[in-house]
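Pasting in a structure now, in structure tokens, and then I'll have a few things to ask.
Letters A, B and C mark the chains as written, and numbering starts fresh at 1 in each.
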Amino acid sequence: MSAALLELRGVSKSFLRAGQPVSAVDSVSLDLGCGETLALVGPSGSGKSTLARIVMRLVEPDSGEIRFDGVDLAAAQGEALRKLRRRFQMVFQDPLAAFNPRATVARVLDDPLRIHRLAGRDERPSAIAALLERVGLDRSLAGRRIHEISGGQRQRIAIARAIVTKPDLVVLDEALSALDVTVRSAVLKLLRDLQCEQQLSYLFISHDLALVSSFAERIAIMDAGRIVETGPAAKVIADPQSATAKALVAAIPKLKTGAVQP
Amino acid sequence: MNTLRRFFATPEGAAGAAILGMLVLIALFAPLLFPQDPLSIAGPPLLHPFTDWSLPLGTDRLGRDVLAGIVHGARTSLAVALAAALASIVVGATVGTIASFAGGLVDEALMRLVDAFQTVPGFLLALAFVSIVGPSLAVVVVAIALSAWTGPARIARAEVLSIRERDYVAAARVIGMRPSEIAFREILPNALPPVLALSAIIVASAILIEAALSFLGLGDPNRVTWGGMIAEGRTVLRSAPYLSIIPGIALVLAVLGVYLAGEGIVEATAARRGYT
Amino acid sequence: MTPRLSIQDISVRYVGAAVPALDRVSFDLAAGERLAVIGESGSGKSTLALAVVGLLPSRTVVSGSTDWPGLGHPPVNGRDIGFVFQDPGASLDPVMRVGRQIAEVAYTHLGIGWQAAHATAIELIGRVRLPEPARIAEAFPHQLSGGQRQRVAIAAAIAARPKLLIADEPTSALDTIVQAEIVSLIDRLVKEDGMSLIFISHDIALASTIADRIAVFRAGRMVEIGKTEDVVAVPREAYTRTLIEAAVIPLATSADHAGGGQS
């Protein structure tokens, strides 16, 4: 087994609500291996999105250790952190809210290339065109504004923005929830292809066990800020142990086939 | 470009633009239309309008041309109003932005300063300021700006605070963008439009405050102003009401034009938002 | 048997749109029947709901007919048709106690006094299985969770005992556990009150758990309609098959694991 790319040890975070500290993430420990997909599944309010933002260093944890490829991520600050950000990226839930409303597609993809000096000024337009084609979009889309394109196209742009820096880890925060069913399976396939090509690790946050079951190798079930169960995806779904996992499995809508139901 | 077309497509926008456009043209070409000093004597005193076609709107108590006064007055009114609105928006937006980005003590101090200004009625503040410093065009501009900068400051602060929490700002941090670039490229361009939407209200109220100051004799004494003309006419209100009514109409038109144009802008941008 | 609702050749075209949002759609809905309308964004499924309740924007071009045989008068929204929206946060008044919002529907449509309406509201809050109905009635929407708010919205929708309940993606803002609870709640209420149901969803698996019939919409057309079992087992359209496959793939893992095997 390969060494862990991301290690969380005892990560906690509480927020003040009406003057009272409310625990959002409660001493969470997790490992994510290189090239692995770990799904973090839980009902709304379970703290999974807060945990994703802690991993992305968008929210500061109160305590605990975050190691990314051996580096102490929680301690990185300023310029060092910004340099490190090239290696871990994120796709947000709402493909419209995740983009500056004034931005064009080209600008969105140009920013990471420019910030991390991945391509010279002259090379960037062709790099953007290649990237658009890689995520299954037409290169003519580059000049369009973000609000002019469809939700599925937007989420592909969000994925393109996340992979343009060739990261090791991509956090997918409910990245497919806002998409139509048929668009969703196409985007899922794209994510799988990219994983093979670039040796990506995914941390896939979702409330939908059915959605992640075919995609993730391992599943961690989260409830009330704690990890209540982890295990291989197939095992967690076939034989859930914790009450939360059982409820999540039971809530998967089963297609009524009229044929023999087990 | 599309917003501009939608602006002219709204009835408010078209009417407002027509009125304002006319006023701006008149103000710009005032020295060509009436090369003589509008404060100089042009004919017999208290000549009623439409009696002598060389002086179509008549003359005042001292025989000064009313039309020349209106035209040159447009210059003062618009210049003061625009300068005051610009100053208050720039100062207000800057203060609000600094407060929201700095946070903590700086935010507290600046916002209490805003509170302090807001507790004093704007016109009284302007009145007090001009009475102390003495009337001149620049002082009037500063006085009006003093009374109007708090609105933009509050809105800019609220917008920045709200936009800072949006996903696209988080996304900019994720790709490693520097805080200064996030502020100037991601946050400010989206925070400022609501502040600019205030400009119509500020310009309209600035026109009225300027007229009120002039009416009370606190305008620049070396310039014709509509407020000053109304005040002049007041003494002969019974025998020559036109001396107060004509600059009054000019004032109403100017404020109406600004207001309508502001409504048009709101409609046009709202249409764009509804489109997405 | 006369249908409760009969829709004939309904077409809808929005102002400035190049193609119709709804293109010659016809179907009947029997009393107590539960129809799922399945489609993706832009399929016209929400336009259909708006056309049925007559809430399309003015200047929209509508043709075709919507008949209510047996009703004897034009349907009144709220009394004859109950509507549950996707976002319960947006359909509830944020500054009104939820009990009053439910009572208002009963007061307006049932011709009863305020006190009786309030009692009805508390009874309804119990029927949608919210704990301590009297206490919940005094709460404001923001004090409730998303799932609780949707239960309140459902209580308000059924307060006047409508003949038809339209639920437009009632669970897509909720997590899966709450989703399952809400769907079974709607299922139970519809059965108990003998309402007809139009359940609008993008999720064919979810819809199949509640519907007698499924209508599949794509780009404004109804491409397929039939009994749930038939549509799921032998879909006539390739598009329906795609939707079903997308819904089946996630379960393949568990089926494989259980030794079921699926191609």
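FYI, a residue touches a chain if its C-beta (ideal position, glycine included) is under 8 Å from a C-beta of that chain, and two chains touch if they have at least 3 such contacts.
Everything quoted here is computed from the prediction, not taken from an experiment.
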Required steps from chain A to chain B (each step between touching chains, minimum): 1
Interface with the most contact pairs, given as the two chains involved: A-C
Relative to chain A, chain with the most remote C-alpha centre: B
Length of the line joining the C-alpha centres of chain A and chain B, rounded to whole Å: 49
Interchain centroid distance [CA atoms averaged], chain A/chain C, Å: 31
Length of the line joining the C-alpha centres of chain B and chain C, rounded to whole Å: 52
Of all residues in chain A, those that touch chain B in their complex: 53, 56, 58, 82-83, 85-86, 89-90, 92-94, 97-103, 111-112, 115-116, 147, 161, 165
Residues of chain B that touch chain A when the two form their complex: 166-168, 170-178, 185-186, 189-190, 276
Chain C-facing residues of chain A, complex: 43-45, 151, 180-185, 207-214, 233-235, 237-238, 247-248, 250-259, 262
Residue ranges of chain C in contact with chain A within the complex: 40-41, 145-146, 174-180, 183, 202-206, 208-209, 228-230, 232-233, 242-254, 256-258, 260
